[in-house]
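Chain lettering (A, B, C, D, E, F, G and H) follows the sequence in which the chains are written, and residue indices restart at 1 in each chain.
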Amino acid sequence: MKHIVIIGVGRFGTVIAKDLYQKGHEVLAIDQDNERVQKISSQVTYAVQSNFTDTKSLETLGINEFDIGIIGIGKNLYDNLAASHILKKHNIPYVIAKAKDKLHGELLKKIGVDKVVYPEKTVGSKVAEEIYSDE
Amino acid sequence: MKHIVIIGVGRFGTVIAKDLYQKGHEVLAIDQDNERVQKISSQVTYAVQSNFTDTKSLETLGINEFDIGIIGIGKNLYDNLAASHILKKHNIPYVIAKAKDKLHGELLKKIGVDKVVYPEKTVGSKVAEEIYSDE
Amino acid sequence: MKHIVIIGVGRFGTVIAKDLYQKGHEVLAIDQDNERVQKISSQVTYAVQSNFTDTKSLETLGINEFDIGIIGIGKNLYDNLAASHILKKHNIPYVIAKAKDKLHGELLKKIGVDKVVYPEKTVGSKVAEEIYSDE
Amino acid sequence: MKHIVIIGVGRFGTVIAKDLYQKGHEVLAIDQDNERVQKISSQVTYAVQSNFTDTKSLETLGINEFDIGIIGIGKNLYDNLAASHILKKHNIPYVIAKAKDKLHGELLKKIGVDKVVYPEKTVGSKVAEEIYSDE
Amino acid sequence: MKHIVIIGVGRFGTVIAKDLYQKGHEVLAIDQDNERVQKISSQVTYAVQSNFTDTKSLETLGINEFDIGIIGIGKNLYDNLAASHILKKHNIPYVIAKAKDKLHGELLKKIGVDKVVYPEKTVGSKVAEEIYSDE
Amino acid sequence: MKHIVIIGVGRFGTVIAKDLYQKGHEVLAIDQDNERVQKISSQVTYAVQSNFTDTKSLETLGINEFDIGIIGIGKNLYDNLAASHILKKHNIPYVIAKAKDKLHGELLKKIGVDKVVYPEKTVGSKVAEEIYSDE
Amino acid sequence: MKHIVIIGVGRFGTVIAKDLYQKGHEVLAIDQDNERVQKISSQVTYAVQSNFTDTKSLETLGINEFDIGIIGIGKNLYDNLAASHILKKHNIPYVIAKAKDKLHGELLKKIGVDKVVYPEKTVGSKVAEEIYSDE
Amino acid sequence: MKHIVIIGVGRFGTVIAKDLYQKGHEVLAIDQDNERVQKISSQVTYAVQSNFTDTKSLETLGINEFDIGIIGIGKNLYDNLAASHILKKHNIPYVIAKAKDKLHGELLKKIGVDKVVYPEKTVGSKVAEEIYSDE
């Protein structure tokens, strides 16, 4: 069993949270939006409403003891970078973050994020591939 | 060579547009935002600024003669549905659309979209899978 | 006595709700805006504040047991389509929805709505008719 | 042939404008939004972009020589009232205006509007009637 | 002692409310903004938070028994007109309203307002007068 | 003949500008909003579109050679204070400014404004006075 | 020990508040934003949520008995000027205020502020100096 | 003579730009806002309007040949980080950036910025110091 903290539970973060909790992992979900916290609360181990860039609050949640951190924040790119940085600073061994584009991904890498994923690009490429391999 | 029309060239639509154009397909890119049209213009066959839900304008572009339609509209879900409908109504044989969530995907299916993709969900599931298969 | 659910009680939904309740029908009024719910509560059987696109909440209200569904949502066209879809999916035999224009009406038809009404167009046509038949 | 001025060509004003122009009447369409003016220009006698409450501009258009005035302004209720007033002040014999609700309709009557129509209420009542007369 | 109702207690309404209450009149102050209601509460007979255009609420306050009504609403011109109309409809013998400009003043007159005042114009004229009479 | 500069030509500034120009004075009207500048241009000696707080631009207009300065700026209180200051700094002998309330008036006095007027308060007091002197 | 009141505890006001409190001074921190008040409450003598321009509220806090007043308000320049004025009016011997630019600084001086600081300009100049003295 | 590029010419960037240009350095000023570009154009070597995060545009300006880069962007923290990253990526030897707070400064350091300055904190500390050293 791994200890996973997910910051930002929109569509992306929610899918990961549910899947990992169902596989028996301990999942802490954090979001600034209380409605999202309520919605996911029954499908994760803990769900907490907290400011993404408030280091103190995140420390109180004991984030330094988690194995994996996932950044699902999509709209506010600064918060996405800041939350990634706070997790790495608290020595979370493996941090995965969602990036909007190449420039954003480069910034995440500089900050120390271990794995950057690009949903729009990945799925877009797959769609293109299916089309031209269809000949 | 296929004739492909892409409505909405944000990150998702852009990746598809570039990939298919490089493989030798004819690609028409349409967006409401002129800046996006300018940016993609050198990487597709044609790039046009047009209102997504203006049936007349889309007809003028001859959309009924395309083989494949791709809906990359992400922010305005009504426009996403309306553009999908207009393409199917003009007898485009194969229409692919990006959906935000399950409910949105169901609506796209009802409208006649041939393939619905969910970038956030697909990539989120893959991230979760890599974590629990890593044991 | 019929069981009628009305989603969205602005001017249009309110007129229908009041008229049917006064004729002895059972009327459930649903709106996202609590002020509207308060205002109509004494003139319908039940009035409930709920998110239009939250399938779970609508199921809790037992919407699958109603005979007729009316969609009065006007501003957010996506919510108008999504609520229409949810009602048809829960097997409500007869669903009536208000459409903004022809394109919107076509989408409602595709989704399975049984009757589409166009207040602006209907009353506009009547005004025009009265003018030219006045000669 | 009558001379008709229509102020505000959204859905409601547009339907009336088209219908009357096709029946051979002279129709002047006025809107603040240039896109709407462009869109209707080929279906009316004249289409002009003008501020609704600018008495001077409306006078320049010779509004005092029209037989019938129609107020299709929907969003800004003050503009709806002000335009109605300006038409009556310039002695247009018959002015028809669209009202949002009862209170709005009372204000239009006080200002001298000859006929007030309520699209949402009229069509809502008809929908209710069809339901209970269906037994 | 007169019974005076003041709808809208910004700067204009507040000055009138205070002056009349100090002279021994009964003053009812109504505003949509609760902060304004709190602020004036100790300087009038009654202060109530209520929606300007909600006829029912205004009736509950017994507005039909007042001698004088004053409309101090400045920002929302429709609410200014609607509140003026509601007071006249409830037979308040003398209604005074603040107007933004000439067109607005004409509308107030049509609605039946007994006296229209124009703060900006009145004080502007006085300033101009003092300048040219100073020679 | 006096040389008068009026900064901010809303209702208040416009009344003063017109009155003084008709009496034969030289009037320079300045506003940030080009539509207002157009509207007043035929009724003053000069009308110029300029930023209120841009000292350089105001100097270019030769404001130091005017006899009287009038500040009609109403919405942005900082711009009202800044423009007042710039006029006094350029040695205009007599500056009149419109204030929102007592606190604002005190600030204008500190800055050196020669005369402060309070339209809302002045006209409000007059309305109150007419009511209680009516007994 | 000095008695210091700090109005506006963003970054600038916060640094001053903390430093002075740690040196043993009595520090009263005032802000309109309750979150900021909560955040600083454990690092100052008193922290109070209050409107910057509400003279009454500031008087209730006994601001006239303080030795030094510091204005840290940054976004709303009118509030910055008004709070400065209220402190000087209540005879605080020494008032320091943060200014955005030269014009703003001149206004603060006119109002009677004893010392004006320009963070952006001061630190910008230092950066420039370090660069050209580096040769 | 050094070659200096300044991205973001608000108060902070402007002070640096002017000072260095007056000392004989070559200064390129870049801002997204055309008004700011116009304003500074006569006080620097070159002034260009460009998107902060558009790598292509910045490359076209030859930013890789500058000795020093200064990031004056204040409002949009993501743009501040992205522009810093682009300069370091193009091998500018020395990059200085303005930070809002400690967290922001840490992110800039991770990205490779050579010197981070904190105007609000620096000047705030100096104000505090002057107060307690005054005893």
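Keep this in mind: a contact is a pair of C-beta atoms (placed from the backbone, for glycine too) under 8 Å apart; a residue touches a chain by one contact, two chains touch by 3 or more.
Keep in mind it's a predicted model, so treat the numbers as computed, not measured.
Engineer: What chains do chain B and chain H have as common neighbours?
Structural biologist: Chains in contact with chain B as well as chain H: A.
Engineer: For G-H, find its twin among B-C, F-G or A-B: the pair where over half of the contact pairs carry the same residue numbers.
Structural biologist: A-B
Engineer: Go through A-B and B-C and name the pair with more C-beta contacts between its chains.
Structural biologist: A-B
Engineer: At the interface of chain G with chain H, does the proportion of residue numbers present on both copies reach over half, so same, or stay under half, so different?
Structural biologist: Shared-number fraction above one half, so same.
Engineer: Roughly how far is chain C from chain F, going centre to centre by Cα mean, in whole Å?
Structural biologist: Spacing between the chain centres: roughly 53 Å.
Engineer: With centres defined as the mean C-alpha position, give me the chain A-chain H separation in Å.
Structural biologist: That gives a centre separation of 31 Å.
Engineer: In whole angstrom, what separates the CA-based centres of chain C and chain D?
Structural biologist: Measuring from centre to centre gives 26 Å for this pair.
Engineer: Can you list the residues of chain A that touch 2 or more other chains?
Structural biologist: Residues of chain A touching two or more partner chains: there are none.
Engineer: Indicate which of the five shapes (line, ring, star, complete, other) describes how the chains touch one another.
Structural biologist: Here the contact pattern is a ring, one closed loop where every chain has two partners.
Engineer: Tell me, which parts of chain E touch chain D in their complex?
Structural biologist: Answer in residue numbers: 53, 55, 76-78, 81-82, 85-86, 89, 103-104, 106-107, 110-112.
Engineer: Of all residues in chain F, which touch chain E in the complex?
Structural biologist: Interface residues on chain F, with respect to chain E: 2, 4, 10-16, 19-20, 23, 25, 68, 70, 72, 96, 98, 100-101, 117-129, 131-132.
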